[in-house]
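Okay, handing you the structure first.
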Amino acid sequence: MQPKTIISKKNKEKNQNESINLSLAKNYKEVRNFTELLCKPLVTEDYVIQSMPDVSPTKWHLAHTTWFFETFVLSKVNPNYESPHPQYSYLFNSYYVQAGERHARPERGLLSRPTVEEVYRYRRYVDENMLKFLERAEEAQMEKVASVIEIGLHHEQQHQELIVTDIKHVFSVNPLRPAYLNSIKNNNSKPRYISEINWVEFPEGIYSIGHEGIGFAYDNECPRHREFVESFQLAPRLVTNREYMAFIENGAYERPELWLSDGWYAVEANRWKAPLYWEKKKGYWWNFTLSGMRELDPNEPVCHVSYYEADAYARWAGARLPTEAEWEIAASKLPIEGNFVDSGNYHPVVLDDEISDCALLQMFGDVWEWTLSPYTPYPGFKTLPGALGEYNGKFMANQMVLRGGSCATSKSHIRKTYRNFFTPSARWQFMGIRLAKDA
Amino acid sequence: MQPKTIISKKNKEKNQNESINLSLAKNYKEVRNFTELLCKPLVTEDYVIQSMPDVSPTKWHLAHTTWFFETFVLSKVNPNYESPHPQYSYLFNSYYVQAGERHARPERGLLSRPTVEEVYRYRRYVDENMLKFLERAEEAQMEKVASVIEIGLHHEQQHQELIVTDIKHVFSVNPLRPAYLNSIKNNNSKPRYISEINWVEFPEGIYSIGHEGIGFAYDNECPRHREFVESFQLAPRLVTNREYMAFIENGAYERPELWLSDGWYAVEANRWKAPLYWEKKKGYWWNFTLSGMRELDPNEPVCHVSYYEADAYARWAGARLPTEAEWEIAASKLPIEGNFVDSGNYHPVVLDDEISDCALLQMFGDVWEWTLSPYTPYPGFKTLPGALGEYNGKFMANQMVLRGGSCATSKSHIRKTYRNFFTPSARWQFMGIRLAKDA
Amino acid sequence: MQPKTIISKKNKEKNQNESINLSLAKNYKEVRNFTELLCKPLVTEDYVIQSMPDVSPTKWHLAHTTWFFETFVLSKVNPNYESPHPQYSYLFNSYYVQAGERHARPERGLLSRPTVEEVYRYRRYVDENMLKFLERAEEAQMEKVASVIEIGLHHEQQHQELIVTDIKHVFSVNPLRPAYLNSIKNNNSKPRYISEINWVEFPEGIYSIGHEGIGFAYDNECPRHREFVESFQLAPRLVTNREYMAFIENGAYERPELWLSDGWYAVEANRWKAPLYWEKKKGYWWNFTLSGMRELDPNEPVCHVSYYEADAYARWAGARLPTEAEWEIAASKLPIEGNFVDSGNYHPVVLDDEISDCALLQMFGDVWEWTLSPYTPYPGFKTLPGALGEYNGKFMANQMVLRGGSCATSKSHIRKTYRNFFTPSARWQFMGIRLAKDA
Amino acid sequence: MQPKTIISKKNKEKNQNESINLSLAKNYKEVRNFTELLCKPLVTEDYVIQSMPDVSPTKWHLAHTTWFFETFVLSKVNPNYESPHPQYSYLFNSYYVQAGERHARPERGLLSRPTVEEVYRYRRYVDENMLKFLERAEEAQMEKVASVIEIGLHHEQQHQELIVTDIKHVFSVNPLRPAYLNSIKNNNSKPRYISEINWVEFPEGIYSIGHEGIGFAYDNECPRHREFVESFQLAPRLVTNREYMAFIENGAYERPELWLSDGWYAVEANRWKAPLYWEKKKGYWWNFTLSGMRELDPNEPVCHVSYYEADAYARWAGARLPTEAEWEIAASKLPIEGNFVDSGNYHPVVLDDEISDCALLQMFGDVWEWTLSPYTPYPGFKTLPGALGEYNGKFMANQMVLRGGSCATSKSHIRKTYRNFFTPSARWQFMGIRLAKDA
């Protein structure tokens, strides 16, 4: 199932081809600019560091997203296209084996050259070529590449999120604990009781799950298909730091019986004692944020927990995590609103006191929500043809699905059917917990 | 959902309590005897070896299954029960954290003591106590432990299978390549064409999946629940060595585009070139079996492949693996018949030529069939209370479900709803491939 | 410098050839018998275990020492000689690359076959062939192989010591802590003061170091050569457990400034807190011995320490370790007497109270004494021709020399010029400490 | 034995104290400037990379050498001295455990902050304080710290060499193979025969080895002491690339019998096929240099070989490596002249054709020469008091001595008694081979 794009048949009839070119060009400029905007707070040295294999240097993100357009668009539409450097295609391919050899992932932090300036020059060069192409491309050409360009832009938005989460990790391993920016408001949220959970109930039935129709989606969200879902209950809000502290204080990290077997192994192997970025100083929990070290705000949603921690917390709380189908059913009638990267918080925020506790809140933005669902193909799933077929399908093992986007996600990037996925031990994304229950 | 036992209410009315005791005692003796029967071909030294962390020494299996009855039955029904050695409970606990500390799994092969003879003495001791108990136990007592004893017997049957697969691995790492026994018939199966696959078709619908009613089942098979399944097709037979050789000869182990990302990583890290136990000598494939080295029989079902290999093979063949629901739907109307450990082959067998190719064949026995389904809880799943709750639930991450039993499984152990599970890189069990397709 | 053998020229004139054959045969029988005598306390399972890569299974020692005679004697003198099994030469070659491929060292514990009985049968077979050969061999033949046989016997004596130290390690990792034998006297040594060290002084000078003349020696002890040695002082006795406990109580294992850089790394990586085989229970130190667990005797020589610990102890004590030249100078006038394996203690013993403290004591037996000297070739060193040239020379990097033999060494095996060597982190041999000082 | 400094008694009488201050200040400025001169060819990103644990980022070298003066001079002479940042002492301590906690060595490449500019500012700050101090310091104060300052300058010269060798490694792992500078002359050396080696002979005798008297030396070069040395022969020149190629072509890297046991292990584990920085392209050897990739010049001294390779080469050539005493005896009458970093080659150079082959050539500069000598204390060795005592002594295990300096060493830094040391597997320094023989 190929990603649907804005140039579906119906659209084509309505719109002139020119306007498709124009709208894609506008989109292109916006997305590409935002990537660079995110890098504004960085100094040259920050662009170079790879603090763990999962993390890539900012410089690499800037170049790799550019390589995408060069490889899958420019060199396809123009056989004479020349890259600024013959080795960039080697250095900046991430994992597309069908697109050629590539530089080993864990060694991305070993490259001082090309310099940051050269990478920005590379971006300029490709941007100019792309915009020139979009200016002149005819309908037949656009038909072939418009959907690839659209994927390229969504791809770049994914890397925007990674730029944010990766630089957070890079800064966190530096004993100086530098701040990315100082915009995060101080945590002066008022003390609150842990509110009872007013579970929101959903009836059993056959539901349609997945993407369909006009509008972009990744291949892994397709095809829309039927699932029988038993009745279930969903917590109207995310688990908070206060609740998670109670879990810790109850000895969670010393009680193997609360954990999945692999989860307990991860606790021991990594000596986890709390979520990533929590530090205890003189009896108080502190939290490393993109604004530096802050005292932990108990009212904020808990964040930077692994699937194993989310699962153990849910077990301890007498509940479970929702499946991705349950989450999507619940989300299906809600507007996509929340604390996204667009709001400039770069951190999950405290739920407003006045907001009713009966409605489903915080479903979008703030933190990606771990689901009980391993990342598998939907019935009838088909990958894209060619190297882009590697985009999603080849990761369908040993990963869990997360839903809803985070404070590092662009609002224009998320969908109700969007399936994010990470290995169950990953913690460096903004990942949190929403509870569910059998009805 | 607690395992159902033969002493369900209905049964109790019909039978006298005595006969329950008698039947359990008979069952107990049969299962316990069969374990020791499997060890007959071994010499003392064979009992001691642990050839990799996944493998346990035979001696350990003999003791651990005994420890189970001691810990979960004898010491519960008799507070004065004394184990032959105070440290056995430490040495022979596998992973039940709620049953106390345990000896590290990868170090099971470092124990020369207790000796094999002492372990057999331990078995004698516990058997006598168990049978004495079953002789005298009254209804109230039986009510409490009958289901645990039944689990213990099924547990021992699982370890019987492991004794067979583990000793195969132990022998395989020995350059002398010893044979466990010489009963495997020579491979004189006639040359055959690769028959076309006459796909068997199943319609879409809401199906009931999982265990329900009288008869034993593990907690992970429950509760029986509804699933919506799209129409699908299933291959009537297992993939053969001949077919798998074509896959190899087509460069499968050098073509990353055929593999899941983690699968390709496993291929490279482990330098896989063929299924486990295949060896190429002078251009011909040989196969290590429990009867020693044999030339590969192309008509046998392919065996000892990982999930990654099964998945890549299916992709290469233009098909996919079945989900566990699909497998169970297909199996639901078939009798449980096949090449089990009871037949004494200790190896998958060639399909009889005369047998019609239109029916579903080889669904039970021969090899465990990898499914597309990660091992997750069924909706409404509940673990057993106490330490036995660790039996199945805590492994529900990073594992894939296999169905149908193998040539090392006892016929009386398997069920249509039986869910076996292993990590996707495991190969040392008798694991094979059946293809599926969207309709 | 080729090992000197008893058939040097002078000897040949005096003796008839027959008597050389006879004396070698006698020697052969004695050494070979003693190896098997050491195995008497073992049960079959004990022979199989390899508790760490440095340790070999007893079974392997029995076979490897046999392989030596088969490979370097029988198959040289008789081109038709046939080994009982064509793969034994593969399985039981240790590290002689010129003698062919070999089974990986860390996998020696994965072999249940050949069985213990088969290995003994292998010994019988080779012994018969060897003795038959020695009965009939003529002078010319003997000239070629007598020195190799002699090396083979010393080689077997080295493995006798390893049988003792390896089985100690094997038993130590078993939570049952089995005893090899119960002959070790209980530690009822009287409380004593830590006696002052009455340093024994030696003048500066040019000394001759190394082996020369009649009598067997390894190539690495040759040639005898001159060294200039500054005046120095040697402690008359070994460091005791009591002294070492003071070192521990002074925080030794938490004070990096006392250690070599690599030593401190080893302390942290291995979490060393005390010598190997020490265990603290309820505030008291216990010691695993070949007679099982015993309370630590403070008057015994400290044992099972690494070079790093010996070096750190010496630094802490305001002294240093002796060089191997210093040790050899001091030993040169002493009779070779001490607590060897022949005395049946299998453990270092407490120094007799009455013995004068002014003389050099415990120089031989009890524990190998770490020296300050890395294991390097003596000036003019030459390896043996052929595969036996690998015996000693190829280990001359990253090892330290130890001197004097231990309670697991045969008295007939040790020499004043004998150079034992281990990596500085090794602890499983009987290794201890004697202090030295600049004069 | 404390390092001797220019303010020894005799000097003090002759000179005014002021002039000592002046001369140290001059020295200080020269050395500190040269460090920064070496960094001129670098861009900001280059300063940040750590390409392997042995390598440190340039930025770190710049800061660490500065930290040395801050910690061991400024904060000693002025209790009110304040560092620009409270965490610099943590980040830039290398291994002085007595000087406090420190940042883990392998994580030096994870720090984007402090920035390069901040590090230069840190240097400015400390330089100003140091020069101010040297301007005003009185005799009593100077007495305490002059020798420490001198150590600090020699310490900085060591790090200058590391800046060169580390950046070479950093560039080498980058597929772009950047050049540090382009000053290296092209290799147009004329084809030559491999000249016979005209061995230079030295008689046996008691020689004095080590440092003594006026002039700076490290503690590990002291005390001067006597050694008896047998007569020996030394090759008058270094082994060349042509000779080493013959060794390779003779199958050296496939022949375990040529290697030390640990050496062969290193060959296999690291898949060594040639010296570091050699690459074979289309049948020709290329060489990564600080001027980028160049075709290998067969007349240049072989470089970037490990001790294991040097040892194996010598064995293959029927020779051995010299001991450090032999090297020092041979060097004792030669002037210290050669291809040092001062000459700006940053690479070993071809020996001039006209130069007589009878004299000892290339003893200084070009490449560090591996010796047969493990790095051990000289008889009577004493470490410096305090944290500086960790400078040399604690590395006296598992390292081999190298002599003579390299093309990356400052001429003013080297001495005939200078003992450099590295683990036998290190290759990233400019390390080469000179042969020796018994007379």
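Letters A, B, C and D name the chains as they come in the text, with residue numbers starting at 1 for each one.
Quick note on the criterion: contacts are C-beta pairs under 8 Å (C-beta built on N, C-alpha and C of every residue); 3 or more make two chains touch, one makes a residue touch a chain.
Because the structure is predicted, anything quoted here is derived from the model rather than measured.
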Starting at chain B, fewest touch steps before arriving at chain D: 2
Neighbouring chains common to chain A and chain D, by label: none
Whole-Å gap between the CA centroids of chain A and chain C: 61
Distance between chain centroids, defined by C-alpha means - chain C, chain D (Å): 38
Euclidean distance of C-alpha centroids - chain B vs chain C, Å: 48
Multi-chain contact residues (two or more partners), chain A: none
Full enumeration of touching chain pairs: A-B, A-D, B-C, C-D
Residues on chain C engaged by chain B in the complex (per definition of touch): 43-49, 51, 59, 85, 87, 90-91, 103, 107, 109-116, 170-171, 173-176, 178
Contact footprint of chain A on chain B as seen in their complex: 95, 97-98, 206, 225-230, 256-257, 259-264, 307-308, 311, 320, 372-374, 376-377, 379-380, 390, 394-398, 424, 438
